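Next up: some structures, all given as structure tokens.
Next come two complexes, and both contain chain A; in the first it sits with chain B, in the second with chain C.
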Partner chain A sequence: MLLKRYIPLAIVFLVGSVTLISWFIPHRPFGSLEIHSTQWFDIIASFAMILGALNLLKLQGTKIVQRRKGWLYSVAAVSGFFLTLVFAFLMKGGHYVVISEVGSNSAEVYQAIGDQLNLPFGVVAGQYESLSENGKTIPKYFYTERGARAFESDLNSLGAMTAHQEVAWGGHLQGSGTYFHWLFSYVFTPLSATMFALLAFFVASASYRAFKIRNVEATVLLVAGVILMIGRVPLGHFLTSWFPSWLQWLHLPNLQEWIYQYPNVAGARAIMIGIALGLVGTSLRVILGIEKSFMGEK
Partner chain B sequence: MEEIMQTFKHLLLLVLMLSLPLQAQILNLEAAAAETSAYGDLVNISVTAQEGALSHLLYSSGEEGPWEELRVLSPEDFTEGLAEIGLKIDNYTPTRFKVEALSPDGVLLASTETREAVTTVEHWFNAKRTNMLLAILLISGLIIYYIERAKAAKEIYLRPIAGLKAFEEAVGRATEMGKSVLFVPGIQDLDQVETIAGVIILGHVSKMTARYETSLNVPVSRSLVMEASREIVHESYLAEGRPDLFNPDMVHYLTDDQFAFAAGVNGIMLREKPAALFFQGKFFAESLILAETGNSIGAIQIAGTASPAQIPFFVTACDYTLIGEEFFAASAYLGKDPKLVGSIKGQDIAKAVIMISIGLGVILQSFGFTAFRELFRVM
Partner chain C sequence: MNTFLQKLDSVDRRVIFLIIAVVVILPLIFPLGLPVEPTQTTIDAFDAIKAIPPGAKVLMSFDYGPSTKPEIHPMSIAVLRHLFHKGHPVIVMCLWPDGLFMAKEALDQVALEEYKLTYGRDFVNLGYRPGNEAIIKGITQSFEANFTMDAMGTLIRELPIMKDVENIDDVSFIINMSAGFPGAVEWIQYAADPHKIPMTSGNTSIQVNEVLPYVKSGQMQGIIAGMPAAAEYEALIRRAGMTDEMGEATSSMDAQSIAHLVIVLFIVLGNISYFVKRKQEKKY
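Take a look at the complex of A and B:
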């Protein structure tokens, strides 16, 4: 009871009330308590991520083993999980070549570099004409060492002095030409963008339903929505630009701005005040230990 | 003689032209201790300088200390010739500031320094936030007062909220159809009050599913939320005397990523076709994706969120939506605990006070009395 009830409640009360009063105390150590608390939370949440990963593997693994309905999706999920782990911790790629001397066949070397970088001869020549003592990195990153070595041997055969290098661990998470970067740019990003793009269709279907004239409220919504949409595009300006000056308040861009700035803001602020009060009330209930059900108590 | 006069005129004109940049170089420098900062050691500096001139900001610790360069102000620092910079200095150390404007070739065009040294001090109370403290004390006091009153009172009236009344109906519908209930407690972690409110509501919904022996599916996007939700669902099943129906995998982790989570939940909806969907917590752009998919499978949907931008999407796509304060009141409403109900009553009274203040403010402001509005200014 002590561990499960009183200590968590005491921690919640202490942290909650101290964080609250620290807002009013610009003095050490209160001033930065909020930042420190957030960092503590992030550290704990990072460790807890292992629990989530294990749960995911357990559930999806069971589905695969038992060949439950849709088990192939689970194969994709588990494969994606392990592939990301492998590309993050075991295979990094990111091989590149550093050139320290161009040699006597400089024109051909510049041409070879230009072919790899898709740059014109003149630009490459300007960039690689004078090289520093440590050489200059050719910013063409290869996923495999073999690719970098092949490029290096091409340059060596033309008389250039080169060295092969690869991006450091950690840098491979953001550097281009790495497996992790490939996975992020060519798998994760397009998939996320696809999901996000679905919103366009969902907005259309939701708007159609919302704008269907069923009652007075829906009609008001339809009229306001149409004014806002038309008033924000050149068509709205074109349609009502001929209005005389005394009717300018009905000019669609002006009308939509009024709807947006006044009735809309008034409604939004009313909701915001309600939310703020709800937040204060819930926080107070949690800090005072009146609301304990989030800890699994009645 | 005329030639001499002419030459003199030209020379005068030349001198005037040369001195023009110096005269036109209007510089102004103001520095003052910031009214709100973590340790009181922040100084707000505003520099007015001619566009194109290179401005160097210098400081000197102590009344007679040497000038040291603090930073060069780039054109990006200026908006319409004014740069506002926040700088941290040592507390209790008088610090002077100076700004020098140099031409691109390094010639000093103008220089100005603060009239007095700025000294920052750590305070134990930020007096500028007194109004906020009073507001918190007032609201908290009202809530605590009504909690105490609720303990003694037999019953406190709460206005009916359609969305909350529909909770039992939705779970009942799922039971009748022999389908599952899907509950999504938002996509944020437990450091958000909305997530805590969502998890609390999950406790009540899981009691209903335990009572009706309906299967419950809770996909989550944060590990900590998974642990807390599991605990609360377990307690609910115990409280209803049905621990045999509880399975820890009812609450399961999908992913932290927003759209991957939306894709995962959509997949569950389309494969399992749950009859009742609850979206209770903090949501962002995925709200409409989830709600529209739920709508397409014909499930009864009840959403609750405090994210103002997502409320219209939920209102459009869901059968019931708990808006703002209703969402936070759900736990009290469903639990019927007098202490929680009392706190909602306190919130309502606080809302009435705010409404009266707004009305009064509008009237006073309309008649030109601005002092009342200033009482509510937040620093």
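Take a look at the complex of A and C:
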């Protein structure tokens, strides 16, 4: 009882009160306590990611083992998870070549670099004519060491002095030519964009079927929606830009701006204030130990 | 005629999908060149950035991912062009894990390719930290406590741009590019408003309702609201002579205009069909 009930309640009361007080008294000791508690939150948030990953594996794994409906999608999810993990922690890629001396066959070396970078001869010659002591990175990144070595040996055979290097661990999450970057750019990005883009089709279909003038409220909503949809885009400006000055208030971009800034903001404010009041109430209930659902109690 | 109008209500949704696909693709191939006229909220955001004192450091947070990239990324590009054109050092950070990649892409394009700036001196990418609004709250006290290293693994105390930057009070302006939580609202609540630092944001159209009350109350200086506002911002920096490029948002505006028009036509047709049906039902 003590461990499961009173200690968690005491921690919540203490942390909640300190954070609340520090908002009004941002001086010692509350100010510094607040900094520490936000840093603890950061650490806990990082661990929450691990818990999230384990939860994903547990849920999807159970689905696969029990061959539940749609278990193949779970295989895709788990494979994607492990592939990302491998590309983040085990396989890096990001091999590149640093050139320290062009050598006597400079024209051919520039040509070889230009072919790799898809740059004209003149641009490459300008960039690689004078090299610093540490050499210059050729910004062509290879997924495999073999690719970088092959390019390096091409340059060496032309008389250039080069060195093979790789993007550092950590930097590989952002670096070009790394497996992780490939996965993000060519798998995750198009998949996310596709999912979001599909909304346009569903919105069109749904508005066709559901946006009906059934009563006064629905009519107001529909008229406002149509004005916003047309007034927000350049077409709205194009359609009503010829209106004389005394009718400018009916110019669609002006009408949509008015709807946006007044009736819309009024509604949004009412909702926000309502939510804020609800939050204050709930937070106080949690801090005072009245609300215990976070401990699994009703 | 009446039967046709009644049948309109039960048209196969695949027909609607096909029409939408065609009206989106055609203007992308054959642009109409509809004029883009900036609205007041976009002008306010532009003016606020224009009014940042020369050489002042700006904090820019990339809180969006690939799903909303077509809508927000053009704003990021346009705003970065504006900032770098004015010569502001820009400190970039992310509260979304995939924001890191969005930031890198935008900085590579604008800072490195277009303006040939130096990393660490003219701009820095601090990267992503988990913790949402706790990170915002954290940097109001100390950047280094939350971002010991930048995204490239360099200690931030070794970066010239971070010299004299202890916490959020050492930046002159906050710009947030966000597609949800954590985003503009959290930046206002935990950093901009309590520390009295001017701020503006670029958001998805769907998020504007939530953010606009803060603009109206003066806690935020304008807002770049959705792709139309991104096109408007592109028009503003073009008119100011900062770039000659049309910009991605501007070139997508024709497609969005026609798509919106077609959706409105769908709504009108759907309602005609609804009324004809209702009339028939009353008759019998």
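One rule holds in what follows: the second predicted complex is superposed on the first by the 249 of 298 C-alpha atoms of A that agree within 3 Å, B and C clash if a C-alpha of one lies under 4 Å from a C-alpha of the other, contacts with A are read in each partner's own complex, and residues count from 1 in each chain.
Quick note on the criterion: a residue touches a chain if its C-beta (ideal position, glycine included) is under 8 Å from a C-beta of that chain, and two chains touch if they have at least 3 such contacts.
This structure is a prediction, so every number in the text was calculated from the model and none was measured.
Using the contact criterion defined above for the overlaid structures, shared-chain residue A:184 touches chain C, although it does not reach chain B.
Judged by the touch definition given at the top, the superposed model places A:27 against chain B, while chain C stays out of reach. Of the two partner chains placed by the overlay, only chain B lies in contact with A:280; chain C stays clear of it. Once the two complexes are overlaid on the shared chain, A:260 sits against chain C while remaining clear of chain B. When the two structures are aligned on the shared chain, A:65 is found in touch with neither chain B nor chain C. By the touch criterion stated above, A:49 is placed in contact with chain B and with chain C alike. Legend: residue contacts after superposition of the two complexes on their common chain; A:41 is shown touching both chain B and chain C. When the two complexes are overlaid on their common chain A, residue A:268 makes contact with chain B and with chain C alike. Shared-chain residue A:73: touches chain B; no touch with chain C. In the three-chain superposition model, chain A touches both chain B and chain C at residues 38, 41, 45, 48-49, 192, 195-196, 203, 205, 207, 209, 268, 272. Of all the residues in chain A, the ones that touch chain C in their complex are 34-35, 38-39, 41-42, 45-46, 48-49, 168, 170-171, 173-174, 181, 184-185, 188-190, 192-193, 195-197, 200-201, 203-205, 207-209, 211-213, 222, 225-226, 229-230, 232-235, 237-238, 241, 253, 257, 260-261, 264-265, 267-269, 272. Within the complex formed with chain A, the chain B residues making contact are 36-40, 122-126, 129, 132-133, 136, 139-140, 143-144, 147, 189, 191, 193, 196-197, 199-200, 203, 222-224, 226-228, 231-232, 234-235, 239, 249, 252-260, 262-263, 267, 271, 285-286, 288-289, 291-292, 306, 308, 311, 313, 315-317, 323-329, 331, 335, 339-340, 343-344, 346-347, 350-351, 354.
Interface residues of chain C facing chain A in the complex, by the touch rule stated above, are 9, 11, 13, 16-17, 19-21, 24, 34-37, 39-41, 65-70, 98, 100-101, 104, 125, 129-132, 134-135, 137-138, 141-142, 145-146, 151-153, 205, 208-210, 212-213, 216, 225-226, 228, 231, 253-254, 256-264, 266-267, 269-271, 274-275. Note for the complex: chain A touches chain B at residues 20, 23-28, 31-32, 38, 41, 44-45, 48-53, 55-56, 58-59, 69-70, 73, 191-192, 195-196, 198-199, 202-203, 205-207, 209-210, 268, 271-275, 277-286, 288, 290-291, 293-298.
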